[in-house]
Every structure is written in structure tokens, then in C-alpha cells.
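Next come the structures, one after another.
What follows is chain A paired twice: with chain B in the first complex and chain C in the second.
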Partner chain A sequence: MADPIISLIQILIFPGLIFLFILGLIFEWIDRKVFARFQNRIGPLYTGPRGFLQPLADFIKLLTKEDVTPRYVDKFLFNLLPGIAPVLPVFASFYLPLNGYPILHPFEGDLILIITLMTIYTIIVFMAGWVSTNRFSSIGAARAILQFLGFEIPMFISLASVAIDSASLSITYIADHQPIPYILLQPLGFIIFLIALQAELERVPFDIPEAESEIVAGWLTEYSGPKLAFFRLSNNLMLVFGAGLTTAIFLGGGSGPILPPIIWYLIKMVFVVILSTILRTVFARLRIDQVLSGAWRYLIPLAILQLILAKFLAVLVM
Partner chain B sequence: MVSIIGWSRIRSPWILYMCTGACNACDIEVLAALTPRFDVERFGILLKGSPRHADVLVVTGAVTRQVAPRLKRIYEQMPNPKFVIAAGTCATSGGVYWGCYNVLGGIDKVIPVDVYIPGCPVHPQAVIQGVAKLLAKLQEAK
Partner chain C sequence: MSTYKIPVGPQHPAIKEAFQFNFELDGEIIVNVKPRLGFVHRGIEKGMELRSWVQGIYLSERICGICNVPHTTCYCIAVEKLHDVDVPKRAQYLRIIINELNRIHSHLLWLGVLGMELGFLTFYMYVWRDRERVMDLVELISGNRVTPSMNFIGGVVYDITPKMEMAIKKGMDYLEERTKYYKSVVLNEPTIKVRTENIGVLNKSAATDLCAVGPVARASDLKTDVRFDDPYSSYDEIPFNLVTYSYCDVFARVLVRVDEVLESINIIRECLDKLPSGPIMKKLKRTPPPGESTVRVEAPRGELMYYVKSDGKENPYRVKIRTPTLANIPAVCEMLKGYHIADIPAIIASIDPCYCCTERILFIDKARNKRWIWSHSQLRKYSLEWYENGGRR
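Here is the complex of A and B:
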């Protein structure tokens, strides 16, 4: 009968809700510090040692601000969506083999379930912008959906290439059975997945929905106080989840000598986050038409090429 | 518990920047305060695009009659607790444009102001000092 208690501890504390929440704050700190260093700045410095508590201070401050609800928004959805948004990446992260074995029992096809959750997240972003009945939010929401149209397909195809090569749709199986990590076997797929992940997380160079030239704030414009806190939290949790998925699929999960699997998993996730931040630092923001034409003209043919190569690789191995 | 809330408010002041009709010199200087040379992100300051996200409104420029209702509207769109910094002599009292027929002269004729930063244009270090004084004021009020 100790089993439900262990499951409860796993879901709530480690590697569940509280662990993912803390990891989200730590990754935001890493992101901001690396971003600042690349720009010859220092980044957050005075909040806690070396600015470590800055994301926590942001979160608490937002929770205590007044919650303004504009008069003409759809009140039910406006209040509901910030609650749903963080749940999706957390639920998806429960299928990642963080400690060698995921919290929820893995099954063939949990890769597809995770992809579905990411799709629903983009739809939530669209609804959040649409429901705000602000002309800037509507533009941001429409651009979020347009960007999603461009990037889901190369992301799925690059994941499918790995799934074909390892003959399984279960993330835990793919993570455990990588004698050579897929970043070396399918580097093209890794690059395409990294670019598509950058677009999924709405980070520069693909952050048109969120920070539309910083004159307005895109789909987030009308959310203030606790609702904004939860959307920012969902952004951080998506970063954690994206890094975790990349690690499981392409970098071999928690495999590595001597140290326990969770430590290796964290090291690889930090590596992916730093890679994503470097992409964020180096590039400028792309226009929405450039994003779409780039995705359909370059990424999808390359992804299909990778799929064909993966099929040949699988045939060769057999 | 209350001190944690106060701590988080002092450590994370997000600013919204607005120009109410000026010669734009103060705008350039406030922008310079955000660049790597002066780097206000050390204090946790982020430049936000929407009034709904910001805590501190940094205003430059003498308030022209056309922009005055818009300034009031932006101030009212910000959620509580909110603070206002008047950057530049024009924002403080009208500056060179004091007495003009279309200028109200100083933003405290429209919205309540917490910190005044003189200068024509403001030095970015003065902007940082002004923000630090605002945070010190909050610290005492805690």
C-alpha cells in the first residue's frame, strides 16, 4: 500500500510538479544570464546570489498584482485559459524518463500523446489572444496559429525519423535504446527539431506572436497579475518540457557513466537550453511571411530527406 | 509573508515607457539606460510592451494637449500597485515648452508622480538613480 504514496510523492514533488516548477525558474535564470552575457551585459544580479531568485521574484510579484479584466472579453475563457496553459507541459513532462523511468506508465504511442499536448498548447495560445478582444491580441493570436501551421509538420517528421529508426513510439524506449545518440546518427533531424522547437516555444527568431515589435505585447496584452504569472509559468514549463523531449529523443535520456540518470538528464537539458538561448541571442526576429515560406520551402523538404535517410539507415541496420 | 511580497515588488519593477510629445532626446537617453553600457536588467527591470504588464510608468516629454487623455488612459490601464517616474525637465515642469499654448506643462497635471528626474536630457545614470530612489522609497514603506 506504499505504492500510491510513492506515486503521489512522485507526481507532486519529484520529479513532478514542484521539481518542474523549480526547474522552470532555474532554466529561465540560465536563459536570461546567458542571453545577457552574449550581449556584453550582466543580467539579473542583485536578487539572490547572482540574480538566482529573479524569476521567483517576478512570479511572486505578478501573483500579488491587481487582476484587471477588460469589460468586453469572454469572461469564462479569459479566466480559464491561464489555468489550463501550465497544465499541458506538466502533463507532457510526466511521460519523460527524467529519473530513468517516467512518472506515468509509458506505452507505445506516448510520443504521439505528447505531440498532441503541444498542439493543444498552441491552440490555447490562439484562444487566449482571440478571447481578449483587443486588436493587437487578435493579430498576435492569428500569427501564432500561422506559425504553428509552418512548424508542426517538420517537427513531427523529424520525430518520426527517430521513431522509425528505433522502431518504437515510446519515448522511454527511444531514450533507453540509443547506443549511439540520435544527434550523431540523424544530425539533420536534430537541427530541424531544434529550429521547430524554437518556433514552438515562440522564442526569437520566431517570437512574432508574443512580442510583436514590443510596441504591443501580442496575444498576452490584456492579461495582468496572476493570469500573466501563469502564462509566463507555462512558457517556462514548455521550455523545460522541450529541453526534456530533445534530451530523451536525440541525446539519449539519462544514460551516462557513474552519475545517476537524473543528473545526466539535467546536464543534457541545460545543454539544450543553452543551445536554444544562443539561437535566441544570435538571430533577429523573422517576419511571419518569412517564417512560413522558410518552413514550407526549406524545413519540410529537409525533414522529408531526413525521413528517407532514416528509413535507409533502418534498412541497413536490419 | 508580507515581507516576501514587498521583497518581490522591489526586486522586479517592470517598466513601461511612454513619450508624451517631446524632442525625443530623453527618449534616446532612457533607451540608452537599457543598453549594455548601463544595463538596468541587473535590478530586475524589464521593458514591457503592454500597460497591463508593467509596474512603473516612465514618462518623458511635456504633455501636449492631444496626448493628455491618452496618458491618463494608459495610467488607468496599469494594474495596482503602480508608480510613475517623470524623466526630464519637460516631464517635471514643462521645461523649454513651459507656457506654450498647446502644452499642459509637466505630467503631474494629469497623473500622480512618484519620482522626478531633472535633466535636459536626463543622463542614463540619473535614470538609474531615480529608479533606485523609487525602490528605496518602497523599501521604507514596506
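Here is the complex of A and C:
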């Protein structure tokens, strides 16, 4: 971090802003393509080789659309929130050891910082729906908060059990000190984390806050044009960040034979994205009360069980 | 906590056609529902009166895109009744075949739509892929994928050759296998089950009171099916089972429709085996003699009724149409009460609504046990007054 030019390049280009942006678009393409193939469709095809540039084309198209601000919304927040939303996953991703070492200097406790950022993201989603003053948006916003109550807790407990096992709260440390990846040591925690991540990313079966056939687009209903583009972008970046965090915590980060860490990291991230897409493919959407009761009745007890097992494991390793 | 209102429709992703349900909600729970019709009133009945008897077939075909075959069947049988003739046996069997193909196509379409309403896109894509097979068969027979224009006053237009027969039988084998697979998906997939079981319950007495028809009534354990109760077009010669379930919920409606697809496949096989030889059309006069007739047929959505009156002239004097969706709207309003917002799409979809068929006006005052129909002049007077008073209710 000594040379300011190198750190600037790291932040802006690789593995910083532009890299994450491109990765977000690529992951959206992978997600859409795999989703389509599972459904016996072809998926994006015409823009670029095998429709590779379709997410970029969608993004640019939305940017060129008319920028509408409805009359009765809170204009300041309504225009501000789409700008803030993509910042959070990017900032959080700066603590992921994408290239073997994170862009921002890791410290003992950056896991907690990242958890905080994820929580703030949910609150931004809630506010985005709430300031729209649309009835469908308000319902979507309320659902986003309810879902957050159900899923953040098991997610954090499953992260905590890994932290206990590795005796560290630093993502980089956890990623680097995994002789056996935690996906094998704590498979239960991994499954819980993946399910909670699916809810965090608002993907089927937990796309309740933006359930299309029920409440139009939920908290997103009033957003169109560039604002929608930025929310979609932030969702893609959340996918990148979620896959990256899963890789760092459960799959041993960039560690692997022969290939450089960044390649290993990307391969593992794609694996997580495809897992998430498969989950999205095989389920119908659940109802908010079913999701909450499921989360509190099954996921949280299982997460606590995993925490206890992790404690035992830590004692055994000692 | 006070209640609040949300409108669902006329433009809403859950309802593809222009129709409005005004929901009164307490949190996420539905307290009251008010349906509002009239967005797509197209003046079809008046249009019938302005067209000749033959043109009426093609207009009736366009009342509903999905269940167009029962509409033409019903109209043609009604006009044939005025002529007081029976169409040839072969034509009757061909009518059954095309009607059942239409039923399979409609039910599979509906099954896919349900998957979409539940957010289960994979199911939707698979079902619609297999639905293509039925549409190919309809195209093979008639040259059109969706509107076959098969029926004509006095018989049917297209014949089924032995080669087509083979193709249809092959298609039926494929569809039977796929439909059985979808039935197992519906029965075993937990997310579908939790979203449909004990949702939108309409018990047997309520279904009777609210005059539910078709699969909705059969899912509430009412044994009602025009094909059984009042057989038309040689349905009495074909053995088939009346599918009923007693769960009374959305899940039962899914199962009724899936089982009906299987029954339809058997009916088509039976018809192809028994298909009599002979002409497919009986030539009739252009205009039927004066008289009136009422015909009911079982459309995929339920009982469809046509009343046709002739005064011996070039055009029908009056054609009155009662579509199944209209009959099911009071039932769906009852079903919705007490459930969540998230259940709205599934429950509304469970009656397989088709609003563009539905735009008619009939008043029923249940408290005073009285019913009346407004004439055109009354409606006109009401609308003029309504707009004079500012056009708001």
C-alpha cells in the first residue's frame, strides 16, 4: 500500500471498481444463461458471443431511458438511494481477498464491518421502498424488513461459527487458514449461509420483497430508467460480494494448486453463483409468513447447533 | 389497526387482462374484495346481431382466444337446434376430439400460468414447452395453432385422415407421460404444496350458493359437468370419469385440471378408435327458421351457455352468452377473504379467469332475492347520468 499509484489502480481498476462491475455483469450473464438452460430455453443470445454482452446492453439501455421522479415521493432520498446502493457491496468487496490480499488493509474485525454493511444494504432497500409512497412499494419494503429479521440472524450465526473455529474475525485470515475448507468441516453452516444469502439477494424462493405477480415489483415499483439500472447493478454487485464472501469463508478463498489465487477465487465464485441459480430454478416462491416461521423454526436452531459443533471442533483442533 | 386498500388491476402482473379487484387489507390479510368489470366490453352480442349466421361462428370464435372451440361448438349446436337437425355422427366425434384438444391446451396453459404466479418459472417453461405439442396437433388438423375454425353450422370443416390419427395417438402418448410427470411434481414439490394447500378454500355449500361452475365446482366436490349432465355432441357414447376432489382449495383445483387432461387424453383415444365413417358436414339453409334455443357446453373453464333467437331473417335476432368466468367471480371473491396478499395471484388464477369473455351485466340483489337485467336504454341512461355527475362513484 506504499505506492499511491498502485493502490489507486487497485481501487479503480483491478481488483477494484471496474473489475467488480464487469464481474457483476458476467455473473448476471452466467446466472441468466444457466437459469435458461435449466428451463430448456436458450437465454441471452444475440448481443456479443452467446449473449455475453446482454447484461451490459440492458444496463446501458436503462441508463438512456427517461429519468422519472413521481410527484409524491421524497425526492431527495428517492434520487439519492440508487446512488448509495451499489457503493455498499463494492466497499464490502474491498475487504475480500480477491487477489490473495484485499484492497483495503484487513484488520481483526472486518467480518463485523461487512456484516454491518450488509445490514445497511437491507435498510437501504427498505427506505427505497418506503420513500416511494406507493402502496405496492410499501408492502415490498415491509416484507424486505421482515425477511431481514428472519435471515440475517442465521446468516450471522453461521459466520460466527466459522469465526469461532478459526479463532479470528478477519476475512483474510479465515480464508488463508483453511487446510480443509469449511464447506467440508461445517457443511450445515454452509447450507444455512447459502439459503440466507439467497434471501439476502432476493432470489427465488425468497424474492418476496419484489414478488412480481403479487405486488408488481415490490420496493422497486416506482424506480425506472437510470435509477432502476443502478439498483440492478447493486443487486449484481451483491451477488459478486455474496459469492466472494462465501468463497472466502467456506471455500478457502484463492488457495489452490498451480493456478494463481485470483483464478481459483473466480472459479469458486462461479461455483457459488451456479449453486444459487440452481436453488432459484427448482423452487416456487414462498409466502412471507412461511419464510419467517421456517427461518425461526428450522434455520436458527440449526445455526445454533452448528455454532455448538464449531465450538467442539475448535476445542478438538486445539 | 385500520384497513387500507390496494387495487389489483386493470394493469397488474397477476392479471393479464383488464379487470380490477379492489382489495381492502388489514396488514397482509384480505378483509374485503370488490370486483369491477367492464374494461374490455367489446359489444360482441350486438356484433352478432349485425352479422349473418355464418359470420357469427367466426365472431364467437374470437370471444376468447384460449377456449375458442367450445364457443363455436356451442353457437353451432344452438343454430343447428334451430334448424332442428342432427349433424352426422363423424362430425360429432370430430367435434369431441377438437374440443378435448382445446381442453388439454387450455389446462396446460393454466398449469403453466399457475407456476408463474407462484414464482416457479421452471415449471411454467416446461409445461408450456409440452403444450406446444397439442398446438402442433391442432395445426395438423386445421392449419391453425390456436383458433382451428373447425366447427361449422351443420358439421365440421376439416376431416381427420388415418395419418393424422397416428400422429394424434403418438402425441397423446407423449402428453400422457408428461402430464403424469407434472402431476407427480405437483404432488411432491413442497413449495407448490405449501402455496396451494388450504388456500382459497370454497366449501361445498358455498360453491353451490355462489353457483361455481367447472373445475372450481368439481374441486369443491360438486359433481357437475355438462358433458355428463346434459350430453351434447355424442359425449354420452364415450365413457370417461368425472374428476372431483373434496379438498376445496387451490391444490384441489390444480389436481382436477391435471386429471382432466388425463381424462381428455383418454377421450380422444376412445374417439379415434370409435370414429365412425361417413360425411362430416350436412348442408343446411343459410337462415334457420324462427325460434329460439339454449345450449350448454362444458368449456375448459366451466359451463358455457348460448341463447340464440332467430326471427327467420339473415341475422340472429339475439345471441346471449354466459361465460364460465362470470359465473365464478362471486366464488373467487369469497375465496379470497381471509388470506394473504401473497395468495392473491394463486387464488385468482385458480378459477382460470378469462375476463374478456366476461363483460356482461346482470344484477342480483341477494337480500331481496331478486334479479333483473338492464336493457340497453337503461344502461345508456345510467351512463349519461353517471358522467353528468362527474363520473365518480
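The criterion applied here is as follows: the second predicted complex is superposed on the first by the 313 of 318 C-alpha atoms of A that agree within 3 Å, B and C clash if a C-alpha of one lies under 4 Å from a C-alpha of the other, contacts with A are read in each partner's own complex, and residues count from 1 in each chain.
Everything below uses one rule, namely that a residue touches a chain if its C-beta (ideal position, glycine included) is under 8 Å from a C-beta of that chain, and two chains touch if they have at least 3 such contacts.
What you see is a predicted model; the values in this text were computed from it and never measured.
Asks: Touch check for A:F283: first (chain B), second (chain C), both, or neither?
Replies: second
Asks: Regarding the shared-chain residue A:T221, is it in contact with chain B (first), chain C (second), both, or neither?
Replies: A:T221 sits against chain B, while chain C stays out of touch.
Asks: Classify the contacts of A:P209 with the two partner chains as first (chain B alone), second (chain C alone), both, or neither.
Replies: Neither: A:P209 stays clear of chain B and chain C.
Asks: Quick one: is A:R41 in contact with chain B, with chain C, with both, or with neither? Answer first, second, both or neither.
Replies: In the superposition, A:R41 touches chain B and chain C alike.
Asks: State whether A:V68 touches chain B only (first), chain C only (second), both chains, or neither.
Replies: So A:V68 only meets chain B here.
Asks: Between chain B (first) and chain C (second), which, if any, makes contact with A:R135: first, second, both or neither?
Replies: In the superposition, A:R135 contacts chain C only.
Asks: Specify the partner with more touching residues on chain A, choosing between chain B and chain C.
Replies: Result: the larger residue contact count on chain A belongs to B.
Asks: Which chain A residues contact chain B in one complex and chain C in the other?
Replies: Shared contact residues on chain A: 39-41, 211-212, 214-216.
Asks: Mind pulling up the chain A residues that touch chain C in the complex?
Replies: Residues in contact with chain C: 38-41, 135-136, 139, 204-205, 207-208, 211-216, 281-290.
Asks: Quick check: in the complex, which residue numbers of chain A touch chain B?
Replies: 32, 36, 39-47, 51, 53-54, 56-61, 64-68, 211-212, 214-217, 220-225, 228
Asks: Under the stated contact criterion, what part of chain B meets chain A in this complex?
Replies: 4-5, 7-9, 11-12, 36, 39, 41-44, 47-50, 52-53, 55, 77, 79-81
Asks: How about chain C: which of its residues touch chain A in the complex?
Replies: 4-6, 12-14, 28, 115-123, 125-126, 129, 189, 191-192, 194-195, 340-345
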